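What follows is a set of notes on a single structure, which appears directly below.
Should a chain be cited, it is by its letter among A, B, C and D, assigned in written order, with residues numbered from 1 in that chain.
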Amino acid sequence: MVTTKEKNSMETFEKHESQVRSYSRSFPKMFNKAKGHKIWDTDGKEYIDFFAGAGALNYGHNDDKMKEKIVEYIMEDGISHSLDMGTVVRAKFLEKFSEVILKPRKLDYKVMFPGPTGTNTVESALKIARKVTGRTNIISFTNAFHGMTLGSLSVTGNSFNRDGAGVPLNNTVPMPYETFMDDDNSLDFLKSYLSDTGSGLDLPAAIILETVQGEGGINAASFEWLQEIEKLCRRYDMLLIVDDVQAGCGRTGTFFSFEPAGVKPDIVCLSKSIGGYGLPMAITLIKPEHDIWEPGEHNGTFRGNNMAIVAATEALTYWENDKLANSIQEKSKVIKTRFEKIVKDYPELNATTRGRGFMRGIACGEGKEDYAGKICEKAFEKGLIIETAGPSGEVVKFLGPLTIDNEGLNKGLDILEEAIEEVLNN
Amino acid sequence: MVTTKEKNSMETFEKHESQVRSYSRSFPKMFNKAKGHKIWDTDGKEYIDFFAGAGALNYGHNDDKMKEKIVEYIMEDGISHSLDMGTVVRAKFLEKFSEVILKPRKLDYKVMFPGPTGTNTVESALKIARKVTGRTNIISFTNAFHGMTLGSLSVTGNSFNRDGAGVPLNNTVPMPYETFMDDDNSLDFLKSYLSDTGSGLDLPAAIILETVQGEGGINAASFEWLQEIEKLCRRYDMLLIVDDVQAGCGRTGTFFSFEPAGVKPDIVCLSKSIGGYGLPMAITLIKPEHDIWEPGEHNGTFRGNNMAIVAATEALTYWENDKLANSIQEKSKVIKTRFEKIVKDYPELNATTRGRGFMRGIACGEGKEDYAGKICEKAFEKGLIIETAGPSGEVVKFLGPLTIDNEGLNKGLDILEEAIEEVLNN
Amino acid sequence: MVTTKEKNSMETFEKHESQVRSYSRSFPKMFNKAKGHKIWDTDGKEYIDFFAGAGALNYGHNDDKMKEKIVEYIMEDGISHSLDMGTVVRAKFLEKFSEVILKPRKLDYKVMFPGPTGTNTVESALKIARKVTGRTNIISFTNAFHGMTLGSLSVTGNSFNRDGAGVPLNNTVPMPYETFMDDDNSLDFLKSYLSDTGSGLDLPAAIILETVQGEGGINAASFEWLQEIEKLCRRYDMLLIVDDVQAGCGRTGTFFSFEPAGVKPDIVCLSKSIGGYGLPMAITLIKPEHDIWEPGEHNGTFRGNNMAIVAATEALTYWENDKLANSIQEKSKVIKTRFEKIVKDYPELNATTRGRGFMRGIACGEGKEDYAGKICEKAFEKGLIIETAGPSGEVVKFLGPLTIDNEGLNKGLDILEEAIEEVLNN
Amino acid sequence: MVTTKEKNSMETFEKHESQVRSYSRSFPKMFNKAKGHKIWDTDGKEYIDFFAGAGALNYGHNDDKMKEKIVEYIMEDGISHSLDMGTVVRAKFLEKFSEVILKPRKLDYKVMFPGPTGTNTVESALKIARKVTGRTNIISFTNAFHGMTLGSLSVTGNSFNRDGAGVPLNNTVPMPYETFMDDDNSLDFLKSYLSDTGSGLDLPAAIILETVQGEGGINAASFEWLQEIEKLCRRYDMLLIVDDVQAGCGRTGTFFSFEPAGVKPDIVCLSKSIGGYGLPMAITLIKPEHDIWEPGEHNGTFRGNNMAIVAATEALTYWENDKLANSIQEKSKVIKTRFEKIVKDYPELNATTRGRGFMRGIACGEGKEDYAGKICEKAFEKGLIIETAGPSGEVVKFLGPLTIDNEGLNKGLDILEEAIEEVLNN
């Protein structure tokens, strides 16, 4: 039960929590309960969630099947924490992941538990790529986001976050993402840097990329571009690392975001929705020939978060048939169509729409960048949780749960459009 | 129910998991259930747990009170994942932590949620220390262990793990821990480095330390040493960071390991047992005057692991009175006495005993370093889970749950002694 | 007198000198005497010098006036070595440099003696730029060459030399030089990197560039490009460092290579021909407002190489009127015309010509890169010293002395053309 | 002839030279002429030189034999500048160096010309050590001085100079020099760091050291200490680099400073007095088995400063018999005895004396550090050029020319003592 005190306790955060806190500022309400695509504040107000835990809740809040499994596991005193010891549920996850995800896609990866967060999997990927190649440099891309620990931060583009490091971020070089320049010649550029031995680009251990950049502004790479990048990796013996932490687990319509491009990364980073229920979990997929780790060379206390693993195993059930995938495809069209209409109907925004699948953005144009933030703020007032992205926060970013029903989706889109209209009318 | 297939499925890990896996090698059994200080494999064999999730299970496995709270929260569809939005349970935790832990100890810290693992809190601590001081260098200590991501790894001593980085680890310098040299003059040494402007030691942003080094071999610093380190921090405007990830949450007998030394760190890192139930959670405590973060300057998807927060809040109940603290103190004596007797009774080990509170080690002497591993292996056969530590794995490391009863403690110690005897008799 | 033994003593280098030796391999003869644009081997064979000490001998070998001044100074027991104490000749140099070079060009620089080599001045420039701005990153350009010590090497493009560092080269990022890509959008590219706060380019302390890249393949930047770079420096408070070590001292037709572009660098690096007689000397020019060095913050034993300073002072006499400058301009046209004719007359080379003033290259086209080396080898046989440049050694590089007479110039050009013809006929 | 204007032109430096200038501040007179151990200012005042170009003038100013050879070479139009082409004089130097220096000492080194300054040879040494071992880390020592370019600076102790870098100095770790702590256990310390795999010291490519630290305060290592360091290098496959830039070329009584210790460094750095006449020159000596450079992997414009090479060759004549060596030994005793007497006679200085051979210091004790500077200032007034050293400038540093006669030596020592007396009487 939520008491009056609790309802009013936003000041608790002001008083006790560090200045670094962020989302309690963007969405300044006290929340307590959630289900599917809905979330409620302590006043009982309902919100449609187009944010989905920044992509950690692809299956919505508190999925009933997973919930059942978790509670059952807890009630039976299943081992909660076990580092990376052999537990029945960990074995089950490995087998089901192999059966449901890897085999049908003809992918052969070893699964590493690198610690339960996105940055853990990215750091492990950078390490193994450097170990395999004996090189130190890593190519990342403009506007990439890979995490906040020192290794991941060094491949992240955002200058505000980079400055937070307090030390120079090194052994990496940012190359232009496909969408970086209006007149795209990013590939020619990268090829020149790699082929010219006087370019000053030290031959890299790996290229790390997101197929769709989330934080960077919902920038979607074309399949051709991804294929060309893969070819460059093969030509220069660089490993291809796909950070599918946000774009993976169905977010773009297929389990892995790179499937339709037909590329086969050497290393894949998964986190966020891999845990199914929003519980911390991450895995790193490594081609067997690159799995040259020594036992324990990378480790971590929370590699065996069994409760998350139980939910993760159940979540894989969504991928045993095409139902979810098809539904994402279908609804993606709805979102895309609606966003395109909005862009057309509100020319004052000077906006464009971007993205793929359930990662879709409305990018407010030059001089209108701050409208995105205003729209999200207004949407929140009206019962919709949605966030901005992009270097100037200029993109309204749709990241709704994949399991949202048509009613919820349309209602959310309606609220969004109303918010736009109201902002423009002011 | 565990099937025969599950019982025999250790090969699952061999087949699907990366070579980097570690504990499924040291303890090659399939586990499924645990309670308090006990854990069972799928053959039904019971083990006493003197390892406690490497310090993540100070309150034992599956504590009933926390279990109840977690299940209740899940059943009510409490928000599972919320980034760092305002949730009722997060507010409750902050308030209880302030009331039960900080206020009685006259400590005034802002609480940061840096992501749910030990390495997340360490990375956040290094960042804020560098930001506050404008300096880049960090002093760490020989045989320190702070984590596996690039920033934390750079302050970790272990060369095997450091080599895993694949890049030079920089902006840090390892100074001698109090126990590093037989003839301790570590403080004179550090003072000389700091006072001599020609020493080549760039003035550091911070000193980071564990009051008792766990992975490094159960090396316990004296209170005098800690006080002198604090003084040096004050003299040279360096921040004092105590990494209490393993030694905190009661492990040494008080909630914070530094309490009896009377020092007041500028930053404290907590993880492992802060989540109570073995669920991923970490917090960084920052003196208000150093809390100069910009909103969102450091962030992370799993900052709001509410299930862990619910358990963490309940776990604080243990600290509302002195019962647990007193019990740790008492049982610590039992362990120390028994370890000292073992050292004396088995002179062939040429061993010494080390540590503080529930961190206690038997360090096998020169030429006998590999006995520690053999002893742990033998103990496992006999139903005791215990691990080694130290640069050469020469220390048998006791890390039992703080809530263990006398019977369990004594039974475990008996098994350990039997294992020693058997190893020595071979 | 040269003995027979000396004539044959190339094996001395094989026997006693390190494998790192280079020019005794490209020009495998023993030399002893030189004058103006001529150099003789110990067999008495005469060579025309189109290499000029890699640009250190702009005034030719052993200029008579400088020779007289040096000998006079030595004979009078002028102080040979004086660190940076006050010597009469150092004062004279400073005054004459101010009068003859700075004032007429309306430039106001403080002169720093950073040690006597090109890499010393570059390292000092990077230091002061970082000190002035408080930033660590430096933008360099593809195919740049700035020196072999760790700081200079980090802004040098050549991968072969970079690899020699044995450590990752950091705190720098190579941006595309104007000539890097066929379809030049290097400026758009750089602008995007600087303006997009998510690009991953940490805001730099400085941009360092050569107006004409020598080692990189005689790539000449346009004046417009240099002006735009300067504007970017002003917009983002980055310092503009022109490394005029090779392109300065008249090499391109004006004393400073950047004069005709109308830019005013914050820092200018001079070495090579500043010493006039081929003696080690370097200076760093710093705008007074950036001259915030502490006394002795950068130092060096050979800052006061007075013999070089005496020659350097005399060399400035060449700039007291327009005679030399005009002559360079004129002869530059001769060279350019001849090179263009060669390119046209030998289409098999698929070559282009590049450069400015007395830095002029014939770049052999794709698939013909190794012809450049063969041409230089053949030219050497025929009595011409000339070297290749460029990432694949694909450019025949003219760097003749500025004081060469028409006869010498034409004779050298004739030999070069003959060498080309012979190489192509084989 | 020196004009009145020149006499008064110290303001030239103020006006035109960078703030970084140093020795024109310590010795604020205009100098013009020098011979042997004497130097004259433009007022005709004579100074005895106990500084000798910071060790670059071991053979005194303007040695007549070298002078003759240089002038002869210039007059014959010997090649002044030739990069590292084969010149007769370079071959002669290599042969004589082998005959006179290496063979009699049973040393077998390849000679590298790394560029003409101390920092060039140090940078080349660090590169080749890293290349040979494939490791990145370098052990340097407290209070070491190796140069001002980024690589050399990273192994230099002085914090004032290090801060000048503007970037963190990395891939190096400063270990305690023998004289660093009163209670010397520097070797135990270093051994512990190397043997303990958890120490956090990454196994280094090399140890770089000065046998007597000049700038660091005239700290002389014992032969036993050097031998133990060499053993550690062998045990851990680290290269031993002796930076003999200041302590070599006879400064301590033997040509190489490490001879009496019986160690055989893998790499030796020579500069300063190797050029004999104070002209810029440096060589790096490399054991043949480590000479794995690729041609041109390290290069530089002023590798072939032939005028310096001519003088250097003549300078080696001093080592064809024992005369100079014996004289240094003898006079070293005079200096030592006199310094010891001074220390005893002026107890107010609370001083000690340190050093070896012609590197000898009077270290003013705690609380009296600034007396050293005052003494040098007073000595200068009285006609003696002498400098301070040490992290707090607390050491009066004798670095007189090796060729000084008894009269000059005694006169200088008398002036020094008078200066001390006068400073103490004020």
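The rule is short, and it goes like this: contacts are C-beta pairs under 8 Å (C-beta built on N, C-alpha and C of every residue); 3 or more make two chains touch, one makes a residue touch a chain.
Keep in mind the model is a prediction, meaning the values are calculated, not measured.
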{"item": "Pair of chains joined by more contacts [C-beta pairs], B-D or A-D", "value": "B-D"}
{"item": "Farthest chain (mean CA position) relative to chain D", "value": "A"}
{"item": "Chain centre separation (chain A, chain B; CA means) in Å", "value": "30"}
{"item": "Centre-to-centre distance between chain D and chain A (centres being mean Cα positions), rounded to whole Å", "value": "58"}
{"item": "Mean-CA-position distance for chain D and chain B (Å)", "value": "49"}
{"item": "Shared interface positions of chain D, touching two or more other chains", "value": "136, 160, 163, 167-168, 170-171"}
{"item": "Sites on chain B touched by chain C in the complex", "value": "167-168"}
{"item": "Interface residues, chain B side, partner chain A - complex", "value": "2, 6, 9-10, 12-13, 15-25, 27-35, 39, 42, 53-57, 61-62, 67, 70-71, 74-92, 94-95, 97-98, 110-113, 115-120, 123-124, 126-127, 129-131, 136, 147-152, 154, 160-161, 163-168, 170-171, 205, 271-272, 277-280, 284, 286, 291-302, 305, 307"}
{"item": "Footprint of chain B on chain D - complex, ascending", "value": "136-137, 140-144, 155-160, 162-163, 168-174, 176, 180-181, 183, 185, 188-189, 192-193, 196-203, 216-217, 390-392"}
